[in-house]
Amino acid sequence: MTTYVLVHGAWGGGWKFARVAEALRKRGHSVFTPTLTGAGERAHLLSGDINLTTHVADVLNVIRYEGLSDLVLLGHSYGGMVITAIADKIPEKIAALVYLDAFVPQDGQSLFDLNIPANTQMFLERAGNNGGLLIPPPPAKAYFGVNDNDAARVDALAAPQPIGTMIEKVTLTGAYRAVKKNIYVHGAVLPRESPFKRFHDAAKQAGWETHALPCGHDIMLDLPDELTEILDRAGR
Amino acid sequence: MTTYVLVHGAWGGGWKFARVAEALRKRGHSVFTPTLTGAGERAHLLSGDINLTTHVADVLNVIRYEGLSDLVLLGHSYGGMVITAIADKIPEKIAALVYLDAFVPQDGQSLFDLNIPANTQMFLERAGNNGGLLIPPPPAKAYFGVNDNDAARVDALAAPQPIGTMIEKVTLTGAYRAVKKNIYVHGAVLPRESPFKRFHDAAKQAGWETHALPCGHDIMLDLPDELTEILDRAGR
Amino acid sequence: MTTYVLVHGAWGGGWKFARVAEALRKRGHSVFTPTLTGAGERAHLLSGDINLTTHVADVLNVIRYEGLSDLVLLGHSYGGMVITAIADKIPEKIAALVYLDAFVPQDGQSLFDLNIPANTQMFLERAGNNGGLLIPPPPAKAYFGVNDNDAARVDALAAPQPIGTMIEKVTLTGAYRAVKKNIYVHGAVLPRESPFKRFHDAAKQAGWETHALPCGHDIMLDLPDELTEILDRAGR
């Protein structure tokens, strides 16, 4: 039995992992899908005060309060920022890191530093027209290539993303490099240039286990069975 | 007798206008120097939730609660964003707008849009290393050319500037153009390229009353007597 | 020339002191009328998080950032809680304390402890029906005996009072007793039993300068000339 902590991305929520979580539990595993403050069902806590530090604390506290260890820690998209920061703090509790079409930061980098500059610029523009602190969600299908069955629900449940989560630079001592198993899962079909392809390619270069799946950015919605299989194997 | 509302800039506070306010009061005028939320003596209210809208409300409410009208409204630096937004909402209450080495926005622009791109980039970097939401104050003398007698106090009393105040784009209907008198006062001696020179030059071109004074960015500290004289005349 | 800091009461705002401030300035004095967070023109900052400590910081910071000393510090009504706490922290900067129909706390007391129990009970009831954290303003004329000309404006500009300001007990070391001059000004005509009469009587007993004026609770609105005269003399 393996313990999984699955961390969603910007404009997301733990609910996106429902299918994968159920499938993993049926195989006997323990799965946590914490929703980050201000997102998903925590949208009533949305405020401009939220930053990357808030979200790292969100997940660190789940691990601490649930007493988890030897876990497979997955981050989707922006969630890559969060899981890297966590791995840097408690590498001894993490058996594997899974970057699900996610950003892979180095010390001192923010998501805005890592994203394609035109995307960063667009997010700043959209926040600028929305009070300056909250980035409205881009359309699920047109921007993230979400499948037709799920796109409307993704749009309906998406809350604005607090800008501090994307401006704050992550601080890493390098301790996260002690985690033995690193996996990159890429959604290779995006209706635009993917900011994640270069992370996938770098991961491959570095000898990580990598997967490029024929789907959009929300792999847990588009191809839940394939992802479940990858995760199940990651825990062995 | 004229009523003045003097709005400070980023990392500032109402206290910066103490000399000018005293001098204007000695001449029989009524002077308000509201401190914006999170700045100066309101630093204990600092939070990442503060944006341009917060600061516009700060000053609009002073005008409303004190029952002010026929006023000379001055904005220093970032304060130019604030006073333009206010003039757009209550142009009928404003006799003159004074831009004191200030940004002069058009509809849909943020301070980050108006600043020299390298400055905007530096502010984002510094916020990114500081939790993502708060921009630490630049040094008064080295960055703003503040005079030797005041620089240490300016540094000591400066609080971080909430990033939403610089990212949020101002919404202007154009109603502010009904204000008849517009004045630009430029501090022409900066230890770097001045973002304000182009606003001064454009103001001159547009036929505004303009002044280019031989001092740094904090004109109310460097040349209070000269500024008092300009303001006294502006109210006539 | 004397420096005055005038602190308003619950449901009030700095604007209530406009007449007195103008009259004092005409006599050559320097006057500050800070509005407490969540009140008056700071009503857009209203939140259940505000307590007595917030308001003490509001005024302490004005004194610090404006560099004030040797000042006459006045508190109206609830403002008596605030000025006593301030005097306890910086007694060396205060030449005189003026309690304007104000509560005079001892160490460990809250406004709710000091008010007539039926009033405290009513405020708790009203907050209880309003989310638990904010006390709606009582009617200016019927409850506070405000004069006919000002009552409507007082009602219009009154914001709910955060309950933490009345529940939080003040901490006093006793250092405030070093302030040499203490004055109590009582508004003797209230349309109900006055909670302030006993503070006035105790002040008289203690040998303070006391005044019982033939007006309601908002003395600065009902009898501004008389109050100005008292304050002018207090600064000599």
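Letters A, B and C name the chains as they come in the text, with residue numbers starting at 1 for each one.
By definition in this document, contacts are C-beta pairs under 8 Å (C-beta built on N, C-alpha and C of every residue); 3 or more make two chains touch, one makes a residue touch a chain.
Computed from a prediction, not measured in an experiment: that's the story for all the values here.
Taken as a contact graph, the chains are arranged in an open line, each linked only to its neighbours along the path. Taking the mean of each chain's C-alpha atoms, the chain whose centre lies closest to the overall C-alpha mean is B.
Comparing the residue numbers each copy contributes, chain A and chain B share more than half of them at their mutual interface.
Rotation relating chain A to chain C, from a C-alpha superposition: 175°, rounded in steps of 5.
Rounded to whole angstrom units, the spacing between the C-alpha centres of chain B and chain C is 31. If you average the CA atoms of chain A and of chain C, the two centres end up 52 Å from each other. In terms of their C-alpha centroids, the spacing between chain A and chain B amounts to 40 Å.
In chain A, no residue touches two or more other chains. Listing the residues of chain C that touch chain B in their complex gives 13-15, 18, 22, 25, 30, 34-35, 37, 40-45, 54, 57-58, 61-62, 64-67, 157.
By the touch criterion given at the top, residues 47-53, 108, 110, 112-113, 124, 127-129, 131-133, 163-169 of chain B touch chain A in their complex.
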